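First the structure, in the form of structure tokens, and then the observations on it.
So that you can tell them apart, the chains are marked A, B, C, D and E in the order they are listed, and the count of residues begins at 1 in each.
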Amino acid sequence: MEAVLFFLAALGAIGGAIGVIAMRNPFFSVLALIVHLFSLAVLFLLLTAAFVAAAQVVVYAGAVMVLYVFVVAYVGGGESAWEPIPGQRFLAPLVGIALFVELSIAVLSSGLRALGTEGAEKIEPGFGDPAAIGTLLLEKFLLPFEASSILLLLAAVGAIVLAGRKREEAA
Amino acid sequence: MSVSTWAWLVLLFPLLGSLTIALGFRALPAKAAGAIGTLSIALAFACAVGALLSLLGEDPEARHHASSLWQYASAGGLDIELGIYVDPLSVFMALIVTGVSTLIHLYSYGYMQSDAGYRRFFSYLNFFVFSMLLLVLAGNFVLLIVGWAFVGFASYALISFWYRRTTATRAGMKAFVINVVGDIGLVLAAFLIFRELGSFDYGPVFERAPEAFTTNEGTIVAICLLLLVGAFAKSAQLPLHTWLPDAMEGPTPVSSLIHAATMVTAGVYLIARTHTLFELAPTAADIAAFTGLATLLVAGTMALVMTDLKRAIAYSTMSQIGYMVMGVSIGAYSAGLFHLMTHAFFKALLFMAAGSIIAAMANDQNIDRMSGFGRAMRFTSVAFLCGALALAAFPSTSGFFSKDEILAFAEARGGMYLIFTVLGYVGALITAVYAFRLVFRVLPGKPCAEAQELIESGHVAHGEPHNPATGEAEDTDVGFPGSEHHIADQNWPMKAAMSVLAFLALFGGLVQVPGVDHYITSFLDPVFHDSPLAHIHPTAGAEWRGLGIGGLISLSGIGLAYYLYRVRPELPGVLQRRLRPLYTLFVNKWYFDEAIDLLVVRPALAVGRFANRVFERVVVDGLVSGTAETVRGAGGVVRAVQNGFVRSYALLLLVGVAALTLYFLLSSS
Amino acid sequence: MNFTEPTIDYAGISPIIALTAGLCVVLLSAVFRPLRRSAPALTLLTLATAAGLLIWQWGENVDLLSEALRLDDLAISISLIAIFMAASCVLLSVREPAVGQAGSGEYHALLLGSVLGMTLLAQAQNLVTFFVALEILSIPLYILCATNLRREGSLESGLKYLIVGSLGSATLLYGMAFLYGGTGSTGFDGIADAIAREGVTGDPLVLIGIALAGVGLAFKASIAPFHQWTPDVYEGAPTPITSFMAVATKAAAFAVFLRFFVVALGPQLQEWQPALAVLAAVSIVVGNVGALGQESLKRMLGYSGIAQAGYMLGGIVVASEAGASSLVFYLAAYAFMNLAAFAVVVARERETPFGDSIRAVQGLATERPLLAWPLTIAMLALAGLPATAGFIGKLYLIEALVEGDYTWLAVFIAVGTMISLAYYLRVVAAMWMRPGGEPAPGATPAIAGASPEADPVDPEAGRRWYLAGPALLAAAATVFFGVIPQPLVEFAEHAGSALF
Amino acid sequence: MINALLWTPLVFGLVGLFLPKRATGWWATLGALVTLAVAVALAFDFDAGDSSLQHSVDVAWISGLGVDYSLGIDGLNLFLLLLTAVLWVGGIAFAAFREQERPQLFFFLMLVAETATLGAFLAQDLLLFVLFFDFMLVPFYLLFGVWGSDRGGTDGTTARAATLKMVIYTLIGSLLMLVGAIAAAVISADGGHLTFSIAALQQQGLDVESQRWIFWFFAAAFLVKMPAFLLHGWMPDAYRAAPLAVLVVFSGVLAKVGAYGFLRVVLPLFPDATVEFQEVVLVVALASILYGSVMAFTQTNVRLIAGYSSIAQLGFITAGIFALRADGADGAVLQMVNHGLVVAPVFVIVAILVERTGTEDIRQMGGMALRAPVLAALFLIVALATLAMPGSANFVGEFYILNGLFQEKIVFACIAITGVAMSAYYALRLYQSTMHNRKPDGLASREIGLRDGVVLAPLVLCILGLALYPQLILHRTAPTVQQTVAKVRGGDAPDARLAER
Amino acid sequence: MNVEWYIVLSALLFCTGAVGILIRRSPMVILLCLELMLNAGNLALVAFSRMVGNQEGQVFAIVVMVVAACEVVVGLGLLVALFRRKLPLNVDELRELRG
């Protein structure tokens, strides 16, 4: 059962990813990404990361993607297939594959027993549920938590600076 | 006053004279410069005489003194003092040098009067005398080298005295460089001596040498040969003689003082000075002797065919020095030095006379154009005749005794040394011939134009001044050959100087007449008495036999010359045609210049040109620009990769990631 | 669900609080018209406060906020350098067109944000903090680079920086994930302990983690071959921002580099040392040859920055106290030299039509000696000639390298320096040995000057106190610490001793 | 006192920056004179017998890095200091007599250069030495570049390019030397207290392996600076470009710093390597002698003749040092001073000639002796000294050098001595072709004025004085040199030392 | 299901995203690819957190989401700015800065 779910989700994720990079039209790419994100959410659930999964769906598939859609609608898109950089088309996949192989080797040849398992046997109930995460955020990861809020603020400011209506102030 | 004090004074005066004239060259009136110059040398001569007397006052064994002013350079195991060494030999030399110099200064006082460089001339001349005296009085090899180089420089300065004459400057350069080669020989010899004997001072060196070396041991031979390089370069012995004839570019008094009477005999002095070493290295000594012999013959042949008056005399100088070198090398020290003295007299005289004649010829030196000066210039021609007689060893003249003494010694030493006697006489014959060739070509006969003018108007001829060698017009504002010429017959200082020398040339030999007196020998005895060859003395009988032969040879020589150049004047031309190859060889000076040019000068210049054109450009600059190019090339690559495509940046980044990951994978345990 | 609130050492985090507060205030100032002009002043005030608080904390050595941060002299010194550069950036930004376009308040707020990120980064000892701090540092910079919206180059640089930068941080994140997986901890100490444990040491998972994380950091420090964004961004960004980035980013990156690799990855020393050494060598070569014959001064300084990063990386390679100290010293010296250089570039950019082309400084010696001297000193110092802080810095580094048995890298530094002379002295030559105006042979039309969207020219810029002042002071400091380096050396030694 | 010597020029230079244009020249001259006075004073209370450091100053400078500010005077550097002071007076005065553009800056840089050079000679701390050694380049770079003359014609190298070449080229060595110096200190400290004091390092000693490579790092720096054969690529262009007033001090002193470095640093610190590589360096030295001489007599540019001749001279000096014998080294030190004293006036004269004739090609000069007898006389003396005429101090120097070489390696000596003959040729050629021979038309042959006279005469007087009494230098130098060389030799023969390993 | 699988999967996604960045020209899509990579990281984090049995990884993942969001926002902002300046929305044509 779990295995089946995994494979389905994995396929979805991979498919979505491929879609993102393969689609000519950015709009479809965005849609592909949404698929991808949903499947990831499923995987998170499988990994007993309920809160993360939820956040994934809400924040990402929700908010962020909407943003994307708007921008796509605004600026439009589409691109030529012409490849001006010599060797790029040939090297890019090569590098990708090489990297993948290396990473896989690393994972498979790792001496860590745990990798071969489904994960730690005994995990306290409520592993990964909002409460647990919340506590961590407020205790151990208080600073990152606060910091990311500042980060959001800065990003917002940035967006205004870049995309906002220019009020020409003679400095 | 002590001997060494006298000696220091001898050195002092010429130096002072030179400096005063040099520094006061603007203030001093011309005549004053000449007077100072002459006077200072005269004083030096007086002091030399003083030294002689006080030396004679001592007992023969103690007749050598070393004295030094201050430590010149003493460090790191070397100890070089500013010191002189006075003994009969050096005093003897000093006397000749100062004596002859005084007369030549007197001569120049008149001869150079109208030369723009009058002061410069005397300053140089005095400096030369100082250097020469330093050379003969030096107390160690380093100082010897210093004097050696100084005379070299003085000679250079005086040869290129008329420094806008390219021929003169070139000749000066030639003389200087060849002399430097000689200096190098001496320096190396000094190093070797220091290595073996641990000192540069004459005293210790000559003391330790006999213990330090076995006869003909390699080192000592090497030392002597190196010394000979110096000696030959200075004394114009084969093959380092080529500068001497060119040196005739200098004013005639210079030729007469430096290139006849004094400097060129330094080699002879050197060999005599270091006889201790040469006796330990007979091989080297013999080499020297044979070189001397060769020189005297070769130079003689050249002198036979030269048409340039001064050069002819120059070659004769070479040949005479050949006699001396031969003499001192085979052990006839006093004889050699005796000849040195007499030669100084008559050769100086000859040059003076020649100078006077050349002046009368408006600086034309070609004997083919000369004739009839016997009537035009009585005094000069008499002086010339005296010189020629002495040179040709006419019986009872000075040359007669001195030359024969050398040959007699060679005979007395016997064995292979008889060669020297025999060929020496051959040389004597040649000498007589070329000496009187000059006499008969120049003095008698129908006066040439210049001579004629002199006879009629009493005026010295004036030609358009031009360089006889190149024919280019002279740059007269440097001086001679300028407007005025001076000839002995009209100029008392020249006359005075020449008459004294004429007297000495004729009768100077009487101080050493076999069986009658031997002042020279006995005076020099303290220097040479410990020599293993000291015991060799030709018997008076043998000497007189030798003298007889010598007399006959010289007479026949003169006779032959008379026959060739007076009775059958056309004959020489015939001979020339008959013996074409021989003649060409002689007239081209046995091709020595060409040989040196081919073997030394051209290669050096070729190397230089190669270094300049090829090596410097290719290798040296290549080293720089090559590196620079490489770096710049690398820069090009980097900038090409920086192509502005963000995606290719990403690519490179990921390539880097892959590479780094790979490295860590490999290094994982 | 029992919740135990973490103990908060307010003294320790006071600088961070100050910066954050200041950030907000400045941001607000943008909203209220009357305050709009005061943004720079407020920023300076904030920075001053933060600096003061940091200096107050000097000598402290404490964990903050449940080991999210560690406040020690290394962190403080680096933060101070960052703040110094930010402050000078504020000065250079006066009358900067970019400020006008972004809005003074936003511009300075973002600047402060970046500084905050650096301060956090310098103190981070926890992967999460580390990552967040890095982003807080970077994101404002992406924006700031693009703030001169009039100029295509600016936007281009912003986008390039964003794309490649995000790629870098993604890589970093992935590496962190592996490290976390390999060690089961996010805290540096925890990681170190885990790695030291038998069976984990040298495990591929960990090593890959190190590799990827290393890439992320190397990217921020613009180490070759992860350097390519540097020249483009440096050239495209508004010059004051470039001057800030050039030093501050490096400083922060190297600080965390040091902490991360020495504290967390110390046990894997043997593996990563040679790798970093090679990277350093590569950067030295690439940076130096790349800078040859560049017409744009900013670009040239960008490349030279790559080379300098290579030198500094040497201080990390040896992973010794001397190394750390030399690194800090070099950063401090680098701050002065760069500031002197950039201040002049800014001035010339504004008063000549040549933009940042080398042509802009031709004949400067006769025209504006007061600008020529700082630039000359800066160039000589960057080239590491004696009597400048640059020389002492190199000396310090080389000494550390030789002690750490990395003499070959020291030789690389020497060789690199030789090459660097070619382009540093080229600038000096342009100032002293060329008459003004005479076009440099083969000079391409200056990028900023030629393009129609040229910024307004202010012929008096070279006399403005806020440009000439920093230039002269920085130059003076460069020389001062070149002649009397002891104070700076002690400063560096304190910082270096924090980790060992 | 010693501090005064070092910093006086700098102080004067700084003040000079704020003086009116007209005054700066004289102010700078005054500064140089004061420095000279200090130097002379120091020389006077120098104890000849004592081989150790005198007037030494030693305070911690960068204690963190073990660098000390330590200066000192001994037999090795005493006369080089004097030489520096003398030549700078000459150079600055010469320049002061002429119009300079941007005079303040020019004289400031000149004086900075003097301080740097003096520092290099005085430094007793290895790093301080390196620092000054490198720093010297900065002022000279600007001096050459700003006041230098671009060369027209086909291969028209600009002053900029030439000087850049020079700086990079000479720094190649210097930077390696920096690494070498640090390595030497660190390795010999071996974890202990780190010091750069040359004396201390000498005490600690260094293992042979390290000596080998560090030796070459230093050698590179010094050989390039001299410059030695194959490493002289920067010389021709730089010499052509350099302003002559600067060239006077540059060629007179800077080359010596390299040679001095061998004596001060290499011999004491890397004795084994020195012995091991003796022949190699000697070969380089010989090559420099021969190549320099050959080039010198094929050149027609007056500057280059002088330039290449100094390559040859430096070759002699190096050879003398690497004879590794007391006499050789004594000669080398003496010769450094001599060469400085002759090459400087040569360039002054060259400058005068160039002003007169408007060309630097000897083929277009000549016959000047007639109207300018004094100039000719001075030039003659200088030329003779250059070719090491016996009776000149240069001869004594070369005599010592060659003797040392001769006793140590007879073959090398015999080859080296041919350089003497060649030097005779090119020196005289230079003199003749300018002073003698036909005077080309339109060549302004004037006597030197008083102004150049006062620059030239003192230098020539120094030459003459030394010619009469070289012992003046020798007996002050000898003790220290003796000590230095003895350290290398360490009593036993080189082969024995090599056998140990 | 073994953790290895998740990791390998995430690696695959990571590389896919990387390749995407390399081959796509539209900055928009490139941003999406960045998202892919970050998410790959997230997947790894969560998987590992499951493996080692502590939730720090999950927290990290959440923080990453925030970061990702911020990058997107800024990125899109840049796109808009480019669009406003009538600049091509094609990274290949933005290469004024090079060399």
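Here are a few things to note about the model shown:
FYI, a contact is a pair of C-beta atoms (placed from the backbone, for glycine too) under 8 Å apart; a residue touches a chain by one contact, two chains touch by 3 or more.
Treat the numbers as computed from the prediction; the structure is a model and nothing was measured.
Using the contact threshold fixed earlier, the set of chains in contact with both chain B and chain C is A, D, E. With centres computed as the average of Cα coordinates, no chain lies farther from chain D than A. Taking the mean of each chain's C-alpha atoms as its centre, the chain lying closest to the overall protein C-alpha centroid is D. Ranked by how far their CA centres sit from the centre of chain C, the chains are topped by B. Should one ask which of C-E and A-E has more C-beta pairs in contact, the pair is A-E.
Averaging Cα coordinates per chain places chain A and chain D 69 Å apart. A separation of 30 Å divides the Cα centre of chain A from that of chain C.
Chain centres here are Cα averages; for chain C and chain D they lie 43 Å apart.
The centroid of the Cα atoms in chain B and the matching centroid in chain D are 38 Å apart.
Multi-chain contact residues of chain A (touching two or more other chains) are listed as 84-85, 88, 91-92, 95-96, 99, 102-103, 105-107, 109, 115, 140-141, 144, 148, 151, 154-155, 158, 161-162.
Shared contact sites, meaning residues of chain B that touch two or more other chains, fall at 639, 642-647, 650-651, 654-655, 657, 661, 665, 668. Contacts between chains, counted with the stated touch criterion, involve the pairs A-B, A-C, A-E, B-C, B-D, B-E, C-D, C-E.
Those residues of chain E whose C-beta lies close enough to touch chain C in the complex are 7, 10, 14, 17-18, 21, 27, 30, 34, 37-38, 40-41, 44-45, 47-49, 51-54, 56-57, 59-60, 63-64, 67, 70-71, 74-75, 77-78, 81-82, 84-85, 87, 91, 94-99. Residue ranges on chain B touching chain E, taken from their complex, read 639, 642-647, 650-651, 654.
Residues of chain B touching chain C in their complex: 631-632, 634-635, 637-639, 641-642, 644, 646, 649-650, 652-657, 660-661, 663-665, 667-669. Taken in their complex, chain C has these residues touching chain A: 1, 3-6, 20, 23, 27, 36, 64-66, 68-69, 95-97, 99-104, 106-107, 109-110, 113, 116, 120, 126, 128-129, 131-133, 135-136, 139-140, 142-143, 146-147, 149, 158, 178, 181-182, 199-200, 203-205, 207-208.
Per the touch definition, chain B reaches chain D in the complex via residues 22, 25, 70-78, 80, 120, 142, 145-146, 148-150, 153, 156, 160, 163-164, 166, 169, 172-173, 176-177, 180-181, 183-184, 187-188, 191-192, 194-195, 475, 477-478, 604-605, 607-609, 611-612, 616, 619-621, 623-624.
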